[in-house]
């Protein structure tokens, strides 16, 4: 029995590991969008000018890197509380990874067309899709009893409610983009606001600190 | 002795890990086929039109992602029951990974030429090759006694028989493509039918649920 | 309690693992900058000539590979001493990985424009940024008490001081590049000098040997 | 002490893991050399003709995949017997990984110019370099006492001698290529011959089988 539990643990580790690998590859592939400019005149000023024109892509790279990093941390956070899996969790996780692995495309599209509402919607929508997939993973884990035994139902509900903050902000950003693409990113400032409203009495940073102390 | 078993476990983990990494990389490389369209006229409608033309490639990306994901789950499923390896298993697994890592090529070919029987056959054939390699891994593991001790011979035979379903469906799809490429994908609907026929008294979803309960 | 410690260990492993994966992918993507030359005349001498022109890129590939490898070893070295994490460590580590994953771009830029001060500054600066991020990770780990219990405060300070050597050398190299790009790389010869000055009584190679002996 | 050994074990795992990840990425990047042909005339015969022209690249992909796979198995084999590391091992392993990660370049070069002695020498030389790096890792591990305690000095010497077979065959292949590129690959048939000569009384396949039995 002890042996079997250990083996089952290994298999669950494979799921987590596979997810980490996909996140790591996607986050690293982003840099491939930064193509070295081919300059015809070999002077410092020509090179600097060419690099300057790459600047929106560099911003796109940094922003997407940090957002995927944030998503990985979020994935990390919910999988800390899950200690078993079933077929449904595997497929929901695969859909999340599908959304994650799609991100380099709208990133490249948006950093090349950052005037475009279509590109902004695709960009925001793909992050919203990842956050929504995460929400479905959590709900499935709660419903199927895949959580760790020592996790109270109250905390499980809290995490579920808080997970609504990102999808709601993405939806708001997309709605705002029909007014103006320039003001739409303001919606992301609402993530902590939504998180506070959905889950009034939590300080978001604490569960990590707790985990660090209890370990 | 206990120590040696642990070390051997680490090495087997390397095989599983290496396979997972290859699956993760292949599944993530698929997105590289989605190249950002370069539009000459910077309007929303021009961009939307260009994205619309990319649609077959996006479908190809999603379908291949899910199929490779399914193959990873299948790999996962059979390697749950294997707890040792030998040189023969390593090479058969390497051939499986060769087939998996080839998949991005027929995916790109087929999403660019989805009118073509040749492309369809290459696409279907490469998935069939992965499934066939999986079948040979399982047969080798059974024949060489690499399975876990608590796995009965009856279940081993069942898994082997069920593993024939995908290769048979791929063969049927290729045969049907000589009638028409449009109707050939119908063959994939036969995967559960073949699985039922080859292994009459099993409900496919249960072994995961069982594993989840027993862990 | 024992169980909880093991689970927390798994999660910290995920952080380390994710970092390793990013390092591994970046170090391997470097080779993609080596494009096969397309020769018009199919003779040995034409091919050899084309390969000869690739030589600066090969040098760039080898140098960047070894520097990223060195950074991975350094990351490895400090994470040996850390056995817990918090949100702050995750984000600092993510910034380090952002800098690491950016490296292929200045590598490609500099191997194509190795006459350019701008390219040299970007190249050196990106390595300096990785080393600086590493320094902040270490300081945060020391300040937040994430280090292993058996690591004395004296050794912690030493490692912190020694970690200044690379950022200082990069800053010196960038300063020297305003005199001449050709002499600027001399600054890297100062890494062991700075390490000696910042941390007078240490032989850098020993802590690995110690670890090897004590294990 | 027990705790420290476990931590050291984790760190050594990182080295092995990092190597596996590099192998996995390199082996998967090979497929990127297979570019989908762009055909002007949309007929089955035009597509089949274009694919036929890709055939040498497909062969190059399969051969390089299997050779890198073999190298991974070899790496796997020697690291089974190593249970500690030092700075020297890290750097030798990094040089091996540098050689491995370089392989996609000569693979692409040779499959595009398979008439060329220069390309053949670079291709063969890069595999020879990996095998030579492996030999130096093993010698360093033996000299620094990093091997598992239960591995007899006789077996250590045998593995070292057998590891000379691939570098010798590569050297022979390069020498033969000055006679003719067509006959040079015959040298690889000498790998088992050299292995037999260097290590007369071993059957190469057995140590895996042994390990499988003893586990």
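For reference, chains read A, B, C and D in written order, and residue numbers begin at 1 within each chain.
The definition used in the following text is that a contact is a pair of C-beta atoms (placed from the backbone, for glycine too) under 8 Å apart; a residue touches a chain by one contact, two chains touch by 3 or more.
Just so it is clear, the structure is predicted and the values come from calculations on it, not from any experiment.
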| item | value |
| --- | --- |
| Neighbouring chains shared between chain A and chain C, ordered by label | none |
| Size of the rotation, in steps of 5 degrees, that lays the CA trace of chain B over chain D | 90 |
| Taking each chain's C-alpha mean as its centre, the one farthest from chain A | D |
| Inter-centroid spacing, chain B versus chain A (mean Cα positions, whole Å) | 26 |
| Rounded Å distance between chain A and chain D, as computed from the means of their C-alpha atoms | 37 |
| Residue numbers of chain A (touch at least two other chains) | 17, 21, 25, 29, 32 |
| Category of the chain touch graph - line, ring, star, complete, other | ring |
| All touching chain pairs, where touch follows the definition stated at the start | A-B, A-C, B-D, C-D |
| Parts of chain A lying in touch with chain C, wherever the complex brings them together | 13, 16-17, 20-21, 23-25, 27-32, 34, 36, 39, 42, 44, 47-48, 51, 61-62, 65-66, 69, 72-73, 76, 80, 83, 148, 150, 205, 208-209, 211-212, 214-215 |
| Touching residues on chain A, where the partner in the complex is chain B | 4-5, 7-11, 14-15, 17-18, 21-22, 25-26, 29, 32, 84-87, 90, 94, 97-98, 101-102, 104-105, 108-109, 112-113, 115-119, 122, 144, 146 |
